[in-house]
Each structure stands twice: as structure tokens, then as C-alpha cells.
Amino acid sequence: MKITKEDIISVVFLLPLYAFLSVMVFIPILNVILGSFGISLFGLSMGKVKGPVLDGYLNFVNPSKPYLYSLFFTIYISVIATVISVAAGYLFAIYLTVKRPPIWSKISSIMTIPLFTPYVVGAFMWWTLLFPRGYLAIVINRILMGLGLTKGPIPLVNDPYGIGILFGEVWIRFVISFMIFYGPLQLISQDLVDAARSLGASTWQVILKVYIPLTKYAIVATSAIVLLATMAGISIPLILGGSWPQFLNVMIYLDVTKTFDFISAYTSGVFYLVASAVLGYILFRFTARRIEFQVR
Amino acid sequence: MTVMAVADRRQRLWDLLVIGFVVFYMVFPIFVLLEYAFAEVWYAYQLFPTKLGFKWFSWVLRHYDTRMAIIYSYTLAPLAMLATLALCIPAGYVLGTRRTKLSLLTENLVNMNMALPVIVIGTGLLPLYFKLGLLNNYWAIIPAHMIGAIPYTLRSITAAFMQVPRDLEEVARVLGATKIQVIRKVYLPLTWRGILAGGIFAFSWSLNEFILTLLLGFPTIKTLPIAIYEYVGGYYLTPQPAAALSLLILIPSIFIAIFLEKYVKVSLGMGGG
Amino acid sequence: MTGGSRLSAIVGAKVLGIAIALILLLSCTVRLSPALPEKLDERNVYALTWDEIVELAKKEGKVVWYGFGSTYERDFFTELCEMFTKETGIQAVYVHGHWFDTVQKLISEKKAGKEVGEIDLVLAWSKPFAMAYEAGAVWDVNLAEIIPNAKGIPFVAKYFHDMYPSNARHLPILSWWVGFLYRKDLLKYPDDVPKSFDELLDWVKKHPGKFTYCDPNKGGSGHTFLMGLAEWFYGYDAFAFAEYDEARAEELFSSPGKYGMNFWEYLNELEKYCYQPGIYPQGNKATIELFEAGEVLLIPMWISITMQEVQTGRLDPNWVGMYIPEPTMPGPFDGCFIPFNAPHKAAALVFLNWLLSPKVQALIPQKIGAYPAVTEAWKLVPDEVKKQPWWPINEPYKDLVKWRKFGPMWYRHADYMFYIMKKWIDEVARG
């Protein structure tokens, strides 16, 4: 196989990236994987454990321990948050594309607020809105009780259903989802839309038959991005989550900082890595090929 | 009134409703932040603060730690952004213009990186940094900030390069342009928005970054999110100074965003002009 | 006497006189003790007098103190360092961090064999101290024997920390305490509140939804309260300086204590009448916010946090009533240890001694709402401070001196407390 100048350029340009990833990502991951078996890569002791042992794994899959359910909770809440943010972001982007309200260009920078808000602050802001004396909690509970749906005020933050986490996550992810959709939607040729309309399509039909099919891979890709980001983020579940159940990364944080249980932390880390890698691989594998064709 | 005018009015109303709702949703939490930042007396059973003032701002700026946190945050962010761009521009060029197996592999690797929870990488990075003596080291924090930024930035830059018609480079070469000229005249004008958007992602990520800095830099290197977290997360919750500090991040950030929208015309999409 | 013998007597007297003079002269100029050592270690420190240690400290010229806590504590500790620097000329530097990171750093340094570190004094509570001590990262010296002002600290607190035998390698400087915070404007003590833990269950049944406590894994008021409850439930003797064994803990906590229930059954019964049953506020602040908002009428809460909430304008002072339920509430005596590789050990000793001086100890209640470790210092605290509503109103707790002299004084058992914290998630939160 001939090695062209092109290939050399490719390799040289990609080298810094790979070097960086090796040191800052691959080696730590290796450390985590080995650490889950009680083996320390750098010769630093892990407390009383001398590996290799399977204790970490036995502990994790033990149904009487919290880890398995915590993983399930993490995935399930992240999925719900993703569905809401992606749908809302997409619909809002479509609204702007179709209706093109003139006022938008003047205030579009407002959308960047959640991007520049540190997650810690964003999470805290939602706590103040949702704790039992928060404005939103008061309003929502009044409405629910008024409609007869609940008998007493329900907890909206630090609750076992992850409601608080959902509010916090959606506020931030909605913007990312919107931003990713807005560009490609603008790229869709106006002729297609005009043609559809001239054939008598209503707005909804235009959305369903023109916009969505042309952006379906973007939708899947964005969903993947948002889902994985939500699963990975720690600040929001740390501040808005309840005693139980907790996100798995919060459990890792507690294991490392409160109980100094490194082997459990590394084992949980491995499960997280596997879950995220599998999800990520499937979704991106599915979309990468399509996007390549789509943009051309 | 004509039918058009009525339809128009209805449309304006809908616009107002939808956009109004979104704006309210974005801004209302900030309003509450403002309340906390300026509330000198606000008993929890009261709906609004009863005494407003600047006490929390002077409180926050009085502390050396906090002043340093502001400096650290606002110097690490541009440095991390530049370092990320330095890595991602050449890589994005390759990924965006040559769709080889290597490109796809790199993309997959980087995208999987995005899926990894940062705390897991942090727990693995901690022993490495310790071994290399890099804990509490300012410069060593920069790579930590880049880890999470790279996937987003690379994605943005790759998309930007993908927009450039492939033949353009060949044509320019055929017409005798040097490498530098190709970059300046062909690529730069077409990709700078994507690059800038990628840079902004990196800047924003670094500003936000908290858990790795907490694990690797604390207590010597404290950035704004950590300073805020000290007031807000865990045991010790004093929301008022946290709110004051948050405004110190938000307001400059909002100005940057407005500036970029207005003068640099960076659209909030990742492609399109 | 003959002439010859008189002469020899005079010469003899002169020689003796010169000899005595020489000896006296020499003893003034030559030190009978060895010269000041270059640096302190576990052996020479006991041989020096306190003044010599002070002299050595002045030579070292600097002390670096790592602490933790709320912003009020940070401000106070920073202020203390400034005061110390002014008074002694030894530069004191305060670094506000987190006990976890500090201890991890020291343990790593010990393993790596780093003989000279950066930290001279560490504020830590029992668990991190135990970790550091077991890793050999603590300077293995009996601080109570060396530091003069340590004599004012209650005996047990010097040698045990949360019942962990610290052997005075760790000296307390303050004690934060948890009491029952109640709505003074609505409830009267003792008639309207549960005067003792015995009355708690009945009280919550009569006032459903008006009591809660902090998630014990998210805030100290929660786990301290549960520790006190456990000590009442099974008797203090079950825990007092007992060895920890997980099997024993399992057995103890699943055995019946009061009301024919075991500990977890009791907590689950209590939960039914709590505010939003099953939902526990996440952290001390979240708990007190519920109180401040009028959602609950009674909570276990740190005195220090109560004070801070009034000072930040969140808690209406007219609402604040505090008492300690019977039989009593345990509490931690938190303090400092010196790392094995502290570069300025003498300065650390002098600084610690200064922190334990009565006038500095008397500042603690005023500035951060904690009790001084040195009991007698309470007498120096101004009356306006003692009158504040966040100090307990019931006897003997009103007067720290009386309380510490005559008791009751309960301590927390770190290991059993951790057991409770971990098990609570399964038995109470999940159940």
C-alpha cells in the first residue's frame, strides 16, 4: 500500500490530538479499569485492597446494594430529559424557521444564557425555584391541588422521582439541542418548502414530510449527544437529586470523598464507561455514515 | 381590517407567546438569582426580599480567594480555548476533508470521549497527576479543561471544514496558490465561523468546568465554579454570595455573546451563515 | 595556728574562692542543656522547655494552617491568622480547603516519602484524622503534654475524638453542637416540644408533618442527631468506647431497643409523621430553609448554622428557640493535628497553643457559634453573645462550665455513626 503525502499530513495533523487523548483519557480509563480489580497502575495503594480481586464487581451487581438501581435510574432519567429537551429544542427551531419572526434576531443572544451559566449555578437556581417555598413549587402545587390531581404539595426537588433533576437538565440541554438544530434547518432549501406548500401542504405536513425526514439523522445525533451529556453531568444531580435514588456518578463522588471506597468508585466507573461507550458507539455508528452522505 | 391584517395580528400574538415563553423560561431563574444577590434581608417565609443592597458583592470581593478565582477562571478559559483550537483545527481539517477510515475512527473515539462522565476520568487521572507531581499546578489544569471541550469543538470545526467544497482546494493549488494562501483565501473565509463557534464552546466549557478542577487543583487553584460551589454545594450553603459571584460570571458572558452575535455575526447554529 | 599553716589556709581559701568564682562564671555562660535543635522530632520535642519551643518557632517564622468550614469559619480563621501574625511576628497563613483533599495529599506524601511538606497544621474531624493517623501521616507526638494551654480541654476530648483513640496526636480547639431548633414564637419550652427523645415519637404524631431531619449522608446535623438517637435507643453504654465490629453493629441495630422496635423500625415509624414522609432535606442548609420558610416547626440543627442564618438575614430571629433534648445530644470536639512532614513544627505548636488561649477561645462562640474547647473560656464570652437565641436555653446547657463539669457529656462513635449513615440509605431512605 502506497503511503501518500496525504496520509502523512493526516497522521501529522492528528498526532497532537491522539497524544493528548492517550495521556488525558486513555491512561486514566486504564487506571479505572485496573483499579476496579484492585490493581493500582501507579503503585499507589488502594487502601486495604491488594488486587486483583473481584470484590468490586460482586458488590456492584449485588441486588441488595444500591449501585445497580442507581445505574438504571441514571439512564432512565437521562432518557426522559433527552426526549423533552430534544423535542422542545427541535420544535422551537422549527417554529423560528417556519415563521421567521422579526423580533428573534434582536433577542437571540438570550439563548446563550444557560450555556454560560455554570452548571453548579444553574442547578442551584432551580433549587431555589423548586424547593417547597420556591416560586415554581408554590405555583405548580397550587395548580395540581386545584385540579384535584394531588392531595398535598408534592416535592419537586431532592425527590425520589428525579423531577428536580429533570428541570435542571432540560433548562440547559434545550439550548444545546436548539442550537444544533437551528443551523441545519436554515440550510434546507426554501424551494422544497415552497414546492410543498404550493402542492397544498399544511404547516404540520411540511414539518412532518419535509423538515423531519431531512434532519432525521441530526435528530438522532443530537439525541445521542444530549443523552450522553446528561448521563455524564454531575453538578445537577448532585444539587437537585434526592437521598435515594442517586445518579451513579454522584455515588462515585460520595465513594471517593466520603467513604474513601476507591474500589467501588472504580467499579462504578467501569459500568458507567461501558454503558456510555456502548450507547455512544451504537448511536454514532448509526449516524456518522448517514451524515457523511447527507451533507454531500 | 383585511384578512391579511387579522392573520398577521394573530401571527404576532403567537410569536409573542412562544418567544415570550422561551425568553421567560431562560430569564426567570436569573431573576431569582438577582434577588438573592441583592437581598440583605429576606426571611424565607417572605415572597420577596425586604431589604436590598450591595453587601454580598463587597463581601465576595473582600476575599483574596474569590478575587483569585475570578482571575483563574478568566485566564484559564482563553488559554484552554486556544490550546483546544490548536489541537482541533488541524484535526478538524483532516476529519472534514478526508473521510478515510482513520477519520471515522478518530471521530468515533472522540465522540465516545464525550460520553464519558468526567468524574470517572477524574478518578483515573488523580493518581497520574500525583505521580507526575502535577497536583495544584495551574498549567496542568489546562489539559484537564480541554478533555471535555475537545469533542464539541472538534465536531464544530469538522462540520465547518465539511462545508468547503473539496474541489476548491484543488483548484487553488492548480492555479498556483501556496499552502498559506490556500489557508488564508480558501479555508479561513469559509470556516472561521465554525472555528469561532468551536472556540466559544471550549471557552464556555472551561468556564463551567468544576469537578476536575476540584479534584486536581483544589485548594490552591480555585476557579469561579468552585468558589460558587463552596457556597452552594454540599454542607455549607450560603446562596447570597453564590448569587453575587454568579452574576460576576454571567454578565461578562452575556456581553461576549451579544458582541459575537452583533459584530461577528456568529449564528447560533453550527453551520449556516 | 602556726605562721606556715596560716599561709596555706589563705592560699587554700583563695584557690577555693577562684574555683568557686570560675564555676559560677562558667555555669552562667555554658548552657547545661544542649543547644536548640535544628528541627523538632518525636524525641527532642519532649526535652525542650516551652520557651525554647517558642524561640525555635520564631526562628521558623511561618505557620501554614489548612482548615475547612463555612464562609464564616473561613473568615474567622483568616482573621485569627492575621491576629497571630501581629502579636507574635510569626507569619500565619490560612488556606481554606476541604479535609478530604488535605488528608489525601498528606497520605500520598507519606507513601511517596516526602519528608518536607507544605502544611503545618490541619483542622480535621475524627474520620480523616484516623485515616491520616493510620497511614502514618500524623506527627506522632503527645500534644497535650507539650502544649501548656491544652490543660483547659476536657480530658476525654484530648485523648479521644469521636471515641477514636487519638492519644492527643489531635487536639480539639472547638466543639460544634447540634440542638433542637424550634419555633419560639409558636411553641413553649418544655410543654409544647419533646423535652426528651422519649417524647419525640408522640410529639410527631401530634404534629404530623412538622418535623424533619437532614439526610445523614448530606449533612452533619442529620448524622449527629441519629447518633444521639441511637445512644438513647440502645443506651450509651452500648457505644461508649466500644470496639467496632460490623457483625456486632448488625446485631445491635436489628435488636429491639425501645417500643419493642429495632432502630430502623423506629426511624421508619418516625418517618410516617415527618414532613413529606420519605423525602429528606439534602443538607444542613436545605433543612434549615424548611424551618425558615415556616414549613416545619422543629428540627435538629447546628447552633453555628442557626446563628449564620440569622446573620445572613434568612432566619427571623424571633422564631429562634434552641434546646438540647434529654438525655443529651452528643457532639464532636473538632481540632487540629500536625502533619508528619510539617516544615514548621515549633511554630505549629506555638500557634496551636495560641488558639487554645482563653482570649482566643472566647472569640469562637461570638464569631462562629461554636463552643470553645477550653471550658473556662466560656466565662470570658460577653453576656450579649450568650443571650442570643441560638444558644440552648435549658439546664445545664445554658452554662458550658456547668455542663462540662457535671455532664451529661456524650460523644459520637465515629465507626458506629458511619455504619448508621451507610445503612440508613437501605433501611430508611429506600424502605
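Some observations on this one:
Note that the chains are named A, B and C in the order they appear, and that numbering of residues resets to 1 at the start of each chain.
Quick note on the criterion: a contact is a pair of C-beta atoms (placed from the backbone, for glycine too) under 8 Å apart; a residue touches a chain by one contact, two chains touch by 3 or more.
Please read all numbers here as calculations on a predicted model, not as lab measurements.
Averaging Cα atoms per chain gives one point for each, and the point farthest from that of chain A is the centre of C.
Across all inter-chain contacts, the pair with the most C-beta pairs is A-B.
Mean C-alpha position of chain A lies 42 Å from that of chain C. The distance from the centre of chain A to the centre of chain B, each centre being the mean of the chain's C-alpha atoms, comes to 16 Å. Multi-chain contact residues, meaning those touching two or more other chains, occur in chain A at positions 44, 133. Touching two or more other chains at once are residues 44-45, 130 of chain B. The residues of chain C that reach two or more other chains are 108, 218, 286, 289, 293-294, listed in rising order. Contacts from chain B toward chain C in the complex involve residues 39-45, 51, 63, 65, 130, 135, 218-220, 230-231, 234-238, 240-241.
Listing the residues of chain C that touch chain B in their complex gives 66, 69-71, 74-75, 95-98, 101-102, 105, 108, 218-220, 283-286, 289, 292-294, 308, 312-316. Chain A contributes residues 44-45, 64, 66, 131-133, 153, 155, 158-160, 241-244, 254, 257-260 to its touches with chain C in the complex.
Chain B meets chain A in the complex at residues 11-12, 14-15, 18-19, 22-23, 25-30, 32-33, 36, 44-45, 86-88, 90-91, 93-94, 98-100, 102-104, 106-125, 127-128, 130-131, 143-144, 146-147, 150, 154, 159, 162-163, 204, 207-208, 210-211, 224-225, 228-229, 232-233, 239, 242, 246, 249-250, 253-254, 256-258, 261, 267-272. Those residues of chain A whose C-beta lies close enough to touch chain B in the complex are 6, 9-14, 16-18, 20-21, 23-25, 27-32, 35, 40-42, 44, 92, 95, 99, 101, 103-104, 107-122, 124-126, 128-129, 133, 135, 171, 175, 178-187, 225, 228-229, 231-235, 238-239, 249, 252-253, 256, 262, 265-266, 269, 272-273, 276-277, 279-281, 284-285, 288, 292, 295.
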